[in-house]
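In structure tokens below, several structures.
The same chain A turns up in both complexes below, where it pairs with chain B and then with chain C.
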Partner chain A sequence: MFFHIVLERNMQLHPRHFGRNLRENLVSKLMKDVEGTCSGRHGFVVAITGIENIGKGLIRDGTGFVTFPVKYQCVVFRPFKGEILEAVVTMVNKMGFFAEAGPVQIFVSNHLIPDDMEFQSGDMPNYTTSDGSVKIQKDSEVRLKIIGTRVDATEIFCIGTIKDDFLGVINDPATA
Partner chain B sequence: MSVEPFNKLVKLAARAFYDDITTKGDNQPKTGRSDNRGIAVVVLDALTRRQWVREEDLAKDLKLHSKQLRRTLRFFEEEKLITRDHRRETAKGAKIFSAAVAATADGQHPTKEGEEKIKLHTHSYCCLDYAQIYDVVRYRMHRMKKKLKDELDEKNTVQEYICPNCAKRYTALDALRLISMDDEYFHCESCNGELVAESDKLAAQEGGDGDDNARKRRREKLRDMLDKLEVQLKPLVEQLTRVKDLPVPEFGTLQAWEARASAAARSNGDSSGNDPSRSSQGLGGTPMPFLGDTKVEVAFSGVEGKGEGIKSEAESTSLKVLPPWMIKQGMNLTKEQRGEIKQEAKMDGSSVAVEFSDDKKSTESDDKKNLQDEYVKAYYAALLKKQQELEEAAKKQQELSNTSLFDGLSGTSSGRQVGMKSKRDEDEGDDVEWEEAPVAGNSNENYKVDLNVEADATAEAEAEVEDDDDVDWEEG
Partner chain C sequence: MNTTKAEEEDASELKIGEDFLKAKCLMNSEVAILLEHRCEQLKHMSDDPMNHLPQVFEKALQYVKRFSRFTNQDAVKQVREVLSRYQLAEYELAVLGNLCPETAEEAKAVVPSLKTKERNHDDEAIEKLLQDLLMIKKFE
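Coming up: the complex of A and B.
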């Protein structure tokens, strides 16, 4: 699920950036530092949408670096248990398959794949129904439901299922 | 608070879950002789018939070796079915417990008074914890059903993987760390062994994974198991629902239970059950309610026409037809209590005070002594009249009080020492105890006479009151 929230961060700026473009330098550095990171609390920071406020800088003793407290608005993505996501399959193996929904990695184990789909090993390992009409392989797009999340301080990993109504392949690259 | 439904619950649970529990380690060979399956059921059944029980006693009752029993009990403690208590205690402390047991089980009373050993032994006690048993059984059923159901519809379960080499377990949440670049399997982090999915273990012993037929068979098997579980545990479920709204029998901690049991024994008027617990514990809390009865006794002195105004009032109001045994009981306790307090208060000063008062008496206050002697004589004249109805015990009592009074104050101190608790136990029993308290009271009053010169008249009256108390107890 996506959220638009305000976060705060203490930015350290090198003295060489001081000058007319100090503010622009500060913002670009913030974007470089923050976008794409993941915190267990808020999820993945997708994009910074604006700067709320930049506080007074504080010169660090000894280094000359200046610390600015910056408040910024950003879009974060945090997966939740029970959430339905669309994801791209990245790897298929005997134990199930891995998929990605943006920055989040999701594992679907083989017992959470419908019973009528069988694992086919080979050059392009895949799960296929007995009549061959539905096939899950690398780069397939699937709709899945998250049934468990593992949230570490800097990492979020999910496990999902496609064994439910309206879940499964939504766009097969082979047929497209 | 009925224990019966809970006992039934325990018995059912024991047979359902602990029937084939063996406390032997797996490494020991199971010969026919050492096979102790079913012992868990026996022990649990035995515990339903008891409250707190010393484990040695239980072992003796069950004709089990105490080690074997302890192993079983430890298992139950881990299962949270029983609570245990260990304490280091003397032989005397063990006696408290025996007294409490006798009070609840109203079996034979422990009469033997073994000499006190200073050596401390660690004794273990155990007791069923009904409230927890109820929760444990419910939780167990819930887990069983959940496990089967989850596996049946294979939905929303986090797949578990297990390493066959080192038995390390992983969940699907660890999957990212487990994939290896070489092949399509998961590998153990520590030993790099190939992981196998864990849930297949319970129901699927069939070869050939992923076979359509096999899956169907597995589902059937699971459903079968679930049905069987429902049917076979039905009595247990029914018992659980029956017990649901009943108040849970609660024995409290070992100490609380002992105190309550001995208190209950006392209020039953169970004098023999009373003795050991009191002699060893001397519970301070319980005698308080009987203070009212003391007044009744004091007022009884007014029958002889010598009581004070207030006290006779008290008498007229509270001198009901109290059954004699009740008076005896009440007096017994309060007197003891009072005597103790006085002893404590006077103990340090008594040796000095006795000497001191003796000196005083001999030198300066002879007249008071005479007065007192006169009073004593008059009192005993009155007393003798009364004593025609009295029994032998009364005579004995009179002798004792005579000696204590006629000997003068020097005698009282020795009398008081006689009244020490330790002796009381082995002596004739209750009669002696009742006598002692008034002796202490008398001596106390006498001190008053000596020390408070101006208050001797009232002191005498009080002394007399105390003496009258003697008479009453003799009657009772």
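Coming up: the complex of A and C.
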């Protein structure tokens, strides 16, 4: 899920950036530092949308660097356990398949794919029902439920399932 | 402490942590408008904007473009307005707006928190809500 959230960060600025453009320098450094990063707590920072407040700077002893507390609004993407979302299949193999929802990777193991779907190998590996009516392959769009997230300092990885009501393929690239 | 927090998390019961309960949830359609606007801005600022976009931004943009139910800005506004009449949590609102379920049963399956507690969301009210969504989609 995407969120619009207010975050805070202490920015260190070199004295050469002081002057009339201090604020602009601070904001562009913030964008460079923060956009595209991922934290386990807040998810992926997609884009900064505004600055709420820049606090008073504090000179660091010995270096001359100044630390500014900056409050900013941003769009983040954070997956949650129990969340249902749509994703694009990126890779299929006999262990299951990988899908992508924006910046996040989701793995769906073959135990969490309905039992009537069988793995078919070939140059376009896929999972297909016995009557061939439903097929999951690369670029398929699926609706899945996140059942677990693994969070480390710089990445979030999810485990998903399509073995539940109203989950599964929503769009087959072959027929679309 | 961090790990216990992660274990308690469950979006189907609206347990998404204090930080995110206070935050505003965005539907994919809203994010698409926001990011496209941002993309435009960057294009004006430099000649070769695609090179400067971080991968996360790029991927998010592609994703929301692909999975936006509503593309018209007025329609997106209307969706939020209509859904906010139904006493939904921010999170529930965004999931419904993203997935546009067709039946009350499907809606309760994708947003299980709809049927918990003594919230006055009977099937009739949910059906009405989905009808409203469908109308916006139709006239977009």
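We take it that the second predicted complex is superposed on the first by the 160 of 176 C-alpha atoms of A that agree within 3 Å, B and C clash if a C-alpha of one lies under 4 Å from a C-alpha of the other, contacts with A are read in each partner's own complex, and residues count from 1 in each chain.
Rule of thumb we're sticking to: contacts are C-beta pairs under 8 Å (C-beta built on N, C-alpha and C of every residue); 3 or more make two chains touch, one makes a residue touch a chain.
Computed from a predicted structure; not experimentally measured.
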| item | value |
| --- | --- |
| Clash or fit (per the criteria above) of chain B with chain C on chain A | fit |
| Contacts of A:M1 with chain B and chain C, given as first, second, both or neither | second |
| Chain A residues touched - chain C or chain B, whichever exceeds | C |
| First (chain B), second (chain C), both or neither touched by A:C38 | second |
| Partner chain(s) touched by A:F18 [first = chain B, second = chain C, both, neither] | neither |
| Chain B versus chain C as contact partner of A:R143, first or second or both or neither | second |
| Angle at chain A between chain B and chain C, C-alpha centres, nearest 10 degrees | 100 |
| Partner chain in contact with A:P125 - chain B first, chain C second, else both or neither | first |
| Chain C versus chain B - closest C-alpha approach in the superposed model, Å | 13 |
| Chain C-contacting residues of chain A that also contact chain B | 149, 164 |
| Touching residues on chain A, where the partner in the complex is chain B | 91, 93-96, 98, 105, 107, 109-112, 115-116, 118-119, 121, 125, 130, 147-150, 157, 159, 161, 163-164 |
| Chain B - residues contacting chain A, complex | 154-159, 161, 171-176, 179, 184-186, 197, 199, 210, 212, 215 |
| Chain A-touching residues of chain C, taken from the complex the two chains share | 2, 6, 9-13, 16, 19-20, 23-28, 30-31, 34-35, 38, 54-57, 59-60, 62-64, 66-67, 91, 94-95, 98-99, 101, 106, 109-112 |
| Interfacial residue positions of chain A with respect to chain C in the complex | 1-6, 35-38, 40-42, 44-47, 49, 75, 77-78, 80-86, 88, 100-103, 141, 143, 146, 149, 151, 164-166 |
